[in-house]
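Dumping the structure here so I can ask a few things about it.
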Amino acid sequence: MRKITMRQAINEALHIAFSSDDTIFIVGEDIAKYGGQLRCSYDLVNNFGSERVRDTPISEMAIVGVGNGASMIGMRPIVELSYIDFLGTSFDQVLNQAAKMRYMYGGRVNLPFVIRTQCGAGLGNGAQHSQSLEALLCHIPGIRVVMPSNAYDAKGLLLHAIRDNNPVVFIEHKALYKKKCEVPEEPYELEYSAVVKRPGKDVTIVTYSAMVHTALAAADQLTTEGIDVEVIDLRVLEPLDINTIIASIQKTSHAVILHEAWKKGGFGAELAAQIQAEAFDRLSSPIIRIGAPNVPVPYSAALESAYIPSIERVVSAVKESLEYSAKKNS
Amino acid sequence: MGQKKNLSEEQLLDMYRKMVRIRLFEEEAIELAKAGKTRAVVHTYVGQEATAVGACFQLSNKDYITSTHRGHGHCIAKGADLRRMFAELMGKETGYCKGKGGSMHIADLDTGNLGANGIVGGGIPIATGAAVGLSIRKSKNVVVCFFGDGASNQGSFHESLNLASIWKLPIVYICENNKYGISTHFSQAMNIEHISDRAKSYGIPGHTIDGNDVVQIYDALGEAIERCHAGEGPTLIEADTYRVSGHYFGDNENYRTREEVNVWRQKDPITRFEAYLKQQCSISQEALSSILVEEKELVITSSQTAEKDSEPKASEMMNDLYATQFADITWKPFVSTHKER
Amino acid sequence: MRKITMRQAINEALHIAFSSDDTIFIVGEDIAKYGGQLRCSYDLVNNFGSERVRDTPISEMAIVGVGNGASMIGMRPIVELSYIDFLGTSFDQVLNQAAKMRYMYGGRVNLPFVIRTQCGAGLGNGAQHSQSLEALLCHIPGIRVVMPSNAYDAKGLLLHAIRDNNPVVFIEHKALYKKKCEVPEEPYELEYSAVVKRPGKDVTIVTYSAMVHTALAAADQLTTEGIDVEVIDLRVLEPLDINTIIASIQKTSHAVILHEAWKKGGFGAELAAQIQAEAFDRLSSPIIRIGAPNVPVPYSAALESAYIPSIERVVSAVKESLEYSAKKNS
Amino acid sequence: MGQKKNLSEEQLLDMYRKMVRIRLFEEEAIELAKAGKTRAVVHTYVGQEATAVGACFQLSNKDYITSTHRGHGHCIAKGADLRRMFAELMGKETGYCKGKGGSMHIADLDTGNLGANGIVGGGIPIATGAAVGLSIRKSKNVVVCFFGDGASNQGSFHESLNLASIWKLPIVYICENNKYGISTHFSQAMNIEHISDRAKSYGIPGHTIDGNDVVQIYDALGEAIERCHAGEGPTLIEADTYRVSGHYFGDNENYRTREEVNVWRQKDPITRFEAYLKQQCSISQEALSSILVEEKELVITSSQTAEKDSEPKASEMMNDLYATQFADITWKPFVSTHKER
């Protein structure tokens, strides 16, 4: 099968969506002719016109407001936020409007819209353009949070998210855009669920987004030392597919949680709390969380690469987890 | 008073009825608040009735509004059911939001009300978004966005009006300058005389009109909607009015004088409209009085019925957050060129 | 000793601060003559004048900006945000500016300012005026987060926070304002630390803010059943006094975490994750988290009281925790 | 060209020197970016040098500025050290931010630079806050807040200018209308001709001036600062200029024509200033050339020195987040009346 990049897969999903349903449109900064800062919306304006592919001023509160207001009257907007960091300038429309209106209005309105945005460090973009802020969104009831790790998932999940009648924040890691994988040409959807990327029996690594690749690399490395790691790619943080996680822990009895976001108060904390609650007796060693240290994303290459969780950190966490239980049993 | 233009006697009386209904609703709401039957503070619309009624009289159920924390008036002007409103204020399961929203959070899509909003300025981007939807659909319907003088200092105001202007959206922004944001007089919060002058920042028309003159509002909306229909985009209308009640029931009002309030009581929109109807339209006091009686009856019955309604069961708490159905769309194949740019 | 309300204690701390240091000033909506929506700043404008006690327009982004800009040049602003929910309209100045500037600028600037705000449900204020959003702040490196549970702590912690050279978000629970306790007249400070409110040997309840009172009531009730609960009031979430927590768990081996914020992704998740990591072998039963359910704060009394964690839920969580280990040992 | 007024030849040459320094710095920065020595994109200030230099020439180190993602020019105009700037661009430990910030995040309190900012519009409330501080201190110093045409559509712009106006803050807002926000022409993002007209929304003066005329900027700032000193509050100045380079180095520039860029190259602020200095001030080409040579030397030396500097050690990563000292304040007793209002 042909291989395409995640950027191409997203662009393809957008084209499929636009050609299938007239209520779908997209707004964002420089997304039309320029193709967006995410460079995923190229060709859209040529194919579907400037009524449905709209460059906006630099006004994120209003931009997300377009998602809220237009979806409430039956359109299906896609809102592109150039960086997830710009939740700062648009947060009220997410926190107090998108997430709350359906419930607050007694279930009398639907808000079928998707906020597409990019997250992540690694490209030297500095403290205000490199964050992983999914934990903020996952704490707020009322929004879906999707974080694909590859082109195939991105296409299928984006189409699923566009059909969702709830606000979805669809977060694309900037380091993944150029990664290729096999992607069918035809339209398809993936349901909101986690996937076991690599079965294993010794330790479970629960992760998502770009860190899936770090986890898989660590797993490969650990195989050579006879350690058999299971890697779970969550793909979707809300709704959370806790069953897949617990089933794995029941098998391995060791858990390592890995994300690029700050460890403190990160989504890994929620995962750890749920795992220990659901599989307390099955755990042979403490759940280890790996996340970024408690500082903004630094600029310099030396610091940024120390900042982002590395394959080595994952390898040693897995070993630490196994050693803990081995020691206890000895 | 404005030009009554093509308004029939029936229409004029209907406007009067709506204004009276709002006033009586608010008076009853205050009674309920006093008696501790509403949960939190209520922000009443007393003294501003002309604005909501005059504006909404130009709209059908397919035209939309967004409203504010002071939203009962807009809601009623748009045609809401009083019992369901009272029920919501009292947190009953029969309320518009099943008791989940409260006074500041009533939405009613059936009458085109996209919702009150507890965040000052929060509704402005939403209204603008709805107008984007209408514009893409090439609909002839419009959006009317209500907000206060205080809200016009929010960033969301600026971003939204600018967006509406460049996209020539079918929307009318109505800033109800009732002179206060809580305790802060608008002249203390901005250094301009007319909020309507802010329209210049967006290259759109801005007008300050008498917000206590229901016919003038009606006329101004008519013009603004014509602009929408002609594809000329948004208008900013500043309705000069006054918040006769405190910010909420229970406000100590230490920031203004009785005299100031009394001056504005003289300009009461309902009293003025009564005089107008009698003098200019030869409508009898009886006709007006009977409307008053009918509306009083409606309000009291609605309130009493709502009061007897049940509170939602705790088991209802977890419902209504997420829609469970996905849209019914069949994806069509489309292979893009993949010439990334 | 005299007893005063938390509102009075905060007002007193503000007066002490204003009379001690000329660089201290306060900005916020309706805070001067009106005394603020939090009604804590009464008398300040009479005593210190309208240069230092400033009513603002409704412009939260600019208001928090005053904290950032003025503190950078050596002033010590206090910013009043009428409700923590208004982080929505001011978030960029917190997330991307206050929290990041010191680090991003290489430690070359200080930002000594305090954002005072109120949180919490219980008064029928609805979905947009009742939230507990501390978890959002605790995830972001660079800001202190303080949440007092009583008048005494509020006075001492507020003065400490005002002397802090970092941005502090000082969160006052609206249900606590009228609660009285003994408060010395003289100025005093409390360091950032947790406190054991009630020693006990069977189960540790870790909590903060208004929920401290719920925990204490539950503990009282449990005493009658012979269960001896230790209650820890964190008081400060960042920096977190983890040692006090772990010391307690070492003693009790049972942990219940309680907060009013949403359970999912709440600060309790972080606490649970840290506790299981630090005291894995000591825990006799799974850590139980109690928080709000995954919905916006509902308006009606019936729903709101079902929403807020109750004494009964705490009592039964404590019992559940003990029963779990009892069953295991039997 | 503006009136040179009381500018001495020395001062004029110093202005020229700064403009040249910025241009050469940016050209070197592009070389570094091409060579992959800076980590991410650099947003250059080429073509806008007159604005930063003219404005900052009115300021002392005790006057403050806030800057943007396109901040090198402001930084240099305010007197920054080039080596430390280059070091920051290359992520070195000798950089202004010890390599933690990067090109978009240089602050330097010693020269009164409160920092560049990667958030469009993010610096506007900060500048305003600094002006509040100065105002309370009754300082004679002022704040100059730089931002782009695109940023003027952010809510933070609206809120900040309004606040500065009602409090009559000592601040000058300089909107550098370089015609683009990334790929979006300002005429596509707003429906007005002059961004300076937005001043009317706040009741403050707004002027559009030639942003490529360093003396005109200098004069305009002088007037605005006089207003600050007189306690009359803020001014909004729109500097009409052009972003000659792409949004960042590497931009495909598919949104504008070569011709358009060339028209503006004709108005190059440095070339124009050279002509002016020679014709109006009888300054010799030699004087200018020797400045060019000196500055070239300075830029290259700074860049090369910085390049040899070390990267920060990973162990530095955890430092600098929190200040560890508390302020040295002794609390004085004060018992309040406790008459809650």
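To keep things simple, chains are lettered A, B, C and D as they appear, and every chain counts its residues starting from 1.
To be clear about the criterion, a contact is a pair of C-beta atoms (placed from the backbone, for glycine too) under 8 Å apart; a residue touches a chain by one contact, two chains touch by 3 or more.
Just so we're clear, the structure is a prediction, and the values are computed from it rather than from any experiment.
Undergrad: B-C or C-D: which has the larger count of contacting C-beta pairs?
TA: C-D is joined by more C-beta pairs in contact.
Undergrad: Going by average Cα coordinates, which chain is farthest removed from chain B?
TA: Chain D.
Undergrad: Where the centres are mean C-alpha positions, what is the separation of chain B from chain C, in Å?
TA: So the centre of chain B lies 36 Å away from the centre of chain C.
Undergrad: Once you find the CA centre of chain C and the CA centre of chain D, what distance in Å lies between them?
TA: Those two chain centres are 39 Å apart.
Undergrad: Between chain B and chain D, what is the separation of their C-alpha centroids in Å?
TA: 43
Undergrad: Roughly how many whole angstrom separate the Cα centroids of chain A and chain C?
TA: It comes to 30 Å between the two C-alpha centres.
Undergrad: If you look at chain D, which of its residues touch at least two other chains?
TA: Expected reply: 95, 97, 99-101, 105, 117-119, 122, 153-156, 158-159, 162, 166, 188-190, 254, 320-321, 341.
Undergrad: Which residues of chain C are in contact with two or more other chains?
TA: 34, 56-57, 59-61, 85-86, 88-89, 92-93, 96, 103-104, 126-128, 141-142, 294-296, 298
Undergrad: With touch defined as at the start, can you tell me which chain D residues reach chain B in the complex?
TA: My answer: residues 153-159, 162, 165-166, 188-192, 197-198, 200-204, 252, 254, 341.
Undergrad: Under the stated contact criterion, what part of chain C meets chain D in this complex?
TA: 4-5, 7-8, 11-12, 15-21, 25, 27, 34-35, 39, 42-43, 51-52, 54, 56-57, 59-62, 64-77, 92-93, 96-97, 101-110, 112, 141-142, 159-160, 162-166, 185-189
Undergrad: Under the stated contact criterion, what part of chain C meets chain A in this complex?
TA: Touching chain A from chain C are residues 85-89, 91-96, 99-100, 103-104, 126-128, 135-136, 138-142, 261-262, 264-270, 272-273, 276-277, 280-281, 283, 285-289, 294-296, 298, 328.
Undergrad: Given the complex with chain D, which residues does chain A contribute to the contact?
TA: That would be residues 29-30, 33-34, 37, 55-61, 85-86, 88-89, 123-129, 293-296, 298-304, 306-307 of chain A.
Undergrad: Give the list of chain B residues in touch with chain C in this complex.
TA: Where chain B meets chain C, its residues are 38-40, 88, 91-93, 95, 97, 99-105, 117-122, 150-151, 153-156, 181-184, 188-190, 254-255, 311-314, 316-318, 321.
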